[in-house]
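Each structure below appears as structure tokens.
What follows is a pair of complexes built around subunit A, which joins subunit B in one and subunit C in the other.
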Partner chain A sequence: MDEEQLKKLVNEVFEESFETNTEHLKADAMIFEDIGLDSLDIVDLVVALQKKFKVQIRDDERIRNIRTLGDIYQFVINLKDEGHIPEA
Partner chain B sequence: MKRVVITGRGVVSALGSDLSSLMEGLSGGKSAVKAMPDWEGYKGLRSLLGAPAELQNEKEIPRKARRSMGRISLFGVEAAEQAIRDGKVDETLLTSNRFGCVMGSTMGGAGDFLEAFSAILRNYDISELSSMSFFKCLSHTVTMNVAQYLGIKGYVMAASAACASSLQALGLGYELIRSGRQDALLCGGAEELHPIVTGTFDILYATSTHFNDTPSLSPRPFDKKRDGLVCGEGAGVLLLEEYDHAIHRDAPIYGEVIGYSTCGSGAHVSQSSREGMRSCMKDALKDAQLNPENVDYVSAHATATLQGDQAEAAAIADVFGDQVPVSSLKGYIGHTLGASGAIELAASLEMIAQSIIYPTLNLDNIDPQCNQIAHVREPLKRDITVVVKNCFAFGGINAVLIIRKLNN
Partner chain C sequence: MRKTLFNLIFYPLLIIVTIGMSSFFFFPVVITRSFFGVRRTLWVVRQLIRWYALVLMRFLMFPFVRIIYKDFEIGKEPGACVYVCNHRSSADGFFVANLNVEYVQVVGNWPFKVPVIGWIAWVAGYLNVQKMSFLEFEATARQLLQENVSIIAFPEGSRTTDRKVHQFRGSAFRVAQKAGVPIVPLCISGNQKVLEKGSWLFTPGTVYLHKLPMIHWEEFKDLAPFKLKNMVRKIIQNEVDKLEL
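This part shows the complex of A and B:
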């Protein structure tokens, strides 16, 4: 799975779980301010990412530093590089 | 004591998404009971019948408000919004601390309970739970969601007494207004159809099992061939309001609540108690300062269980003899459990307005053991002033509410 495919799957999480319009899914979009998520949504974002990428990230400290959609892309790319995301 | 009137009505039932659809269905003698073939996957479930309702435009509710709402809450919100529109409630009144909300349901969101526990039990792992699982399941999920969504800041409480839930909600609302604690409240209940709900009755041999191939012939309240209840879904919400408050703001007035009683039977968790039912009806009449002969119609609980209908018929006969017309609406829309009291009371208000009593559907041959009361078997045109609404719940909890055409 290449980086573009990973980003596409992250975007799917936002569309499926938070009904986010595709045009809002830009790397520099702030998750709270621009996309409109709140603290409860972050719980569901973690659950949805876990399901989508078949990983366990609930206790991953890096989640606390996520601010933008681009941060999530990079987080998922790092998970892939670290071998946490199984090949489809 | 203050007077309490009904100034708004909202109903979602298997016969349609508003009160007028329900009344059209009753008028047409239409059954909304359907076969539920998908339920065959549940081992041991013998009753494959249900009365499903349809959600309308739920996506119009913004996601952040909708995310905590399961099917049951969406029905509740829909009915509550209807009641507000019907009652011409403005934002100032709705969000004042003198405006409350008491709603009931049997167990909260059944489908979401199953989903949440299934997620946990797959691996005894809670990490797949959504942040909203809890809010969708809760026993007060309907009340919580209705009150939050509408911005209600007054008295908020959830009634949970199975099939008596919404009548208890209305009874509490009546008492809060009567005593001057609140000016107005949205009161009622909601319920969702789900095989695990039907299953709770099925395991007790309380569901209809002989009509899986002929759904519209069941349930059959008071009939010789009745074989149990059929679950329905939807919501009923009535806006209760203090009389002078309603007059002052020129609200529509559909009727007056004049008596209420709720009591325990103190006898058995599931077996109906003739004595408990009788006592509850008598107490409600006393509260309304009425004699049995002042009553024009009894809207029975009668769910078509063998023992429940028999006990209720006996209790009604004990109180009203064989002169007061009695019918049950379960044959049309199934048993909507925690919503039934409010939905059927809303229908009763319309019967008062239309001067007609709709009959018990599927009552072809009256069971001799239920034959000591005046069953309505055809639409009965007559002036109706006072209606008694019965709800008798598992757990030996009884509730009876009395309404009348507004008497100035």
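This part shows the complex of A and C:
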């Protein structure tokens, strides 16, 4: 799975779980201000990401630093590089 | 000139009415507490807060500020509800007092810092979301709803200065889903001109407060909280657009 595929899967999480329009899914979109998630939605996001990528991230401290969609892309790419995400 | 006159009349009267009514409130609250217990006392305190707000809105502001309520005459909702309103003025908590139900408001830290009013809000059990975890908030709000006390929330969190209804926080919506109660959207407009953000000076004008159709629990019980809050945000935004375009 390459980086573009990972980003596509992240976007699918937003489209499926939060009905976010595709045009809002840009790397620089702020997940709170632009996409409209709140702190409780982040819990739902983590659950949806875990399900999509079959990975446990609930206790990962890096989640606290996520501000933009690009941060999520990078977080998922790092998980892949670290071998946490199984190959499709 | 009219604005200056309004504020010169309003603020001295506000001080007199606040001191007068809070002194007057003391006795019925003590009597109720002595004979009827905590629950009845809280009901009395909340009703007194409503009356105080109605005196401010209907008498002290008259004739400088006209408040036009729409669909408030339909009558009470069948039970406790979660009311959600857009937020553009620090007086919004007073404007919604025309709801003829027992309610508490969801507020941040600052209303509790206002002399007299903050203390009374604390006694009435107003919910300070900035001091509560979601679990605490949820438990307290559900308990209130079970006691037939409605919740009024301003889910934008802070006052907005433009026509856009900003992103909502989802706590109140999650509580409505879990408690099995309906949501009633409220749309307020014109308030941003009457008391602009950053100013304590009132400007004469007209405030519109529309109660929009109730959304029954069965309609949203299976929706994701994110979808629900955005659905309600769009409903309120559409009403703002109708009023202001």
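Here is the rule we go by: the second predicted complex is superposed on the first by the 88 of 88 C-alpha atoms of A that agree within 3 Å, B and C clash if a C-alpha of one lies under 4 Å from a C-alpha of the other, contacts with A are read in each partner's own complex, and residues count from 1 in each chain.
As a working rule, contacts are C-beta pairs under 8 Å (C-beta built on N, C-alpha and C of every residue); 3 or more make two chains touch, one makes a residue touch a chain.
Since the structure is predicted, the reported quantities are computational estimates derived from the model, not experimental observations.
Visitor: Identify the partner contact of A:Glu33: answer first if only subunit B is touched, second if only subunit C is, both if each is, neither if none is.
Guide: In the superposition, A:Glu33 contacts subunit C only.
Visitor: Tell me which partner A:Arg58 touches in the superposition: subunit B (first), subunit C (second), both or neither.
Guide: A:Arg58 contacts subunit B only, not subunit C.
Visitor: Considering only the touch criterion stated at the top, classify A:Asp41 as touching first (subunit B), second (subunit C), both, or neither.
Guide: both
Visitor: For A:Phe18 in the superposed arrangement: first (subunit B), second (subunit C), both or neither?
Guide: both
Visitor: Mind working out whether A:Gln50 is in touch with subunit B, subunit C, both or neither, as first, second, both or neither?
Guide: First partner only, subunit B.
Visitor: Name the residues of subunit A shared by its contacts with subunit B and its contacts with subunit C.
Guide: Of subunit A, residues 18-19, 36, 38, 40-41, 44 contact subunit B in one complex and subunit C in the other.
Visitor: For subunit B, which residues are in contact with subunit A within the complex?
Guide: For this pair, the touching residues of subunit B are 63-64, 67, 127-132.
Visitor: Quick one: which bits of subunit A touch subunit B in the complex? Just the residue numbers, please.
Guide: 18-19, 36, 38, 40-41, 43-44, 47, 50-51, 56, 58
Visitor: If we count contacts the way the header does, which residues on subunit C are in touch with subunit A in the complex?
Guide: Residue list for subunit C touching subunit A: 134, 167-171, 174, 224-227, 229-230.
Visitor: With touch defined as at the start, can you tell me which subunit A residues reach subunit C in the complex?
Guide: Counting only subunit A, the residues touching subunit C are 17-19, 32-33, 36-41, 44.
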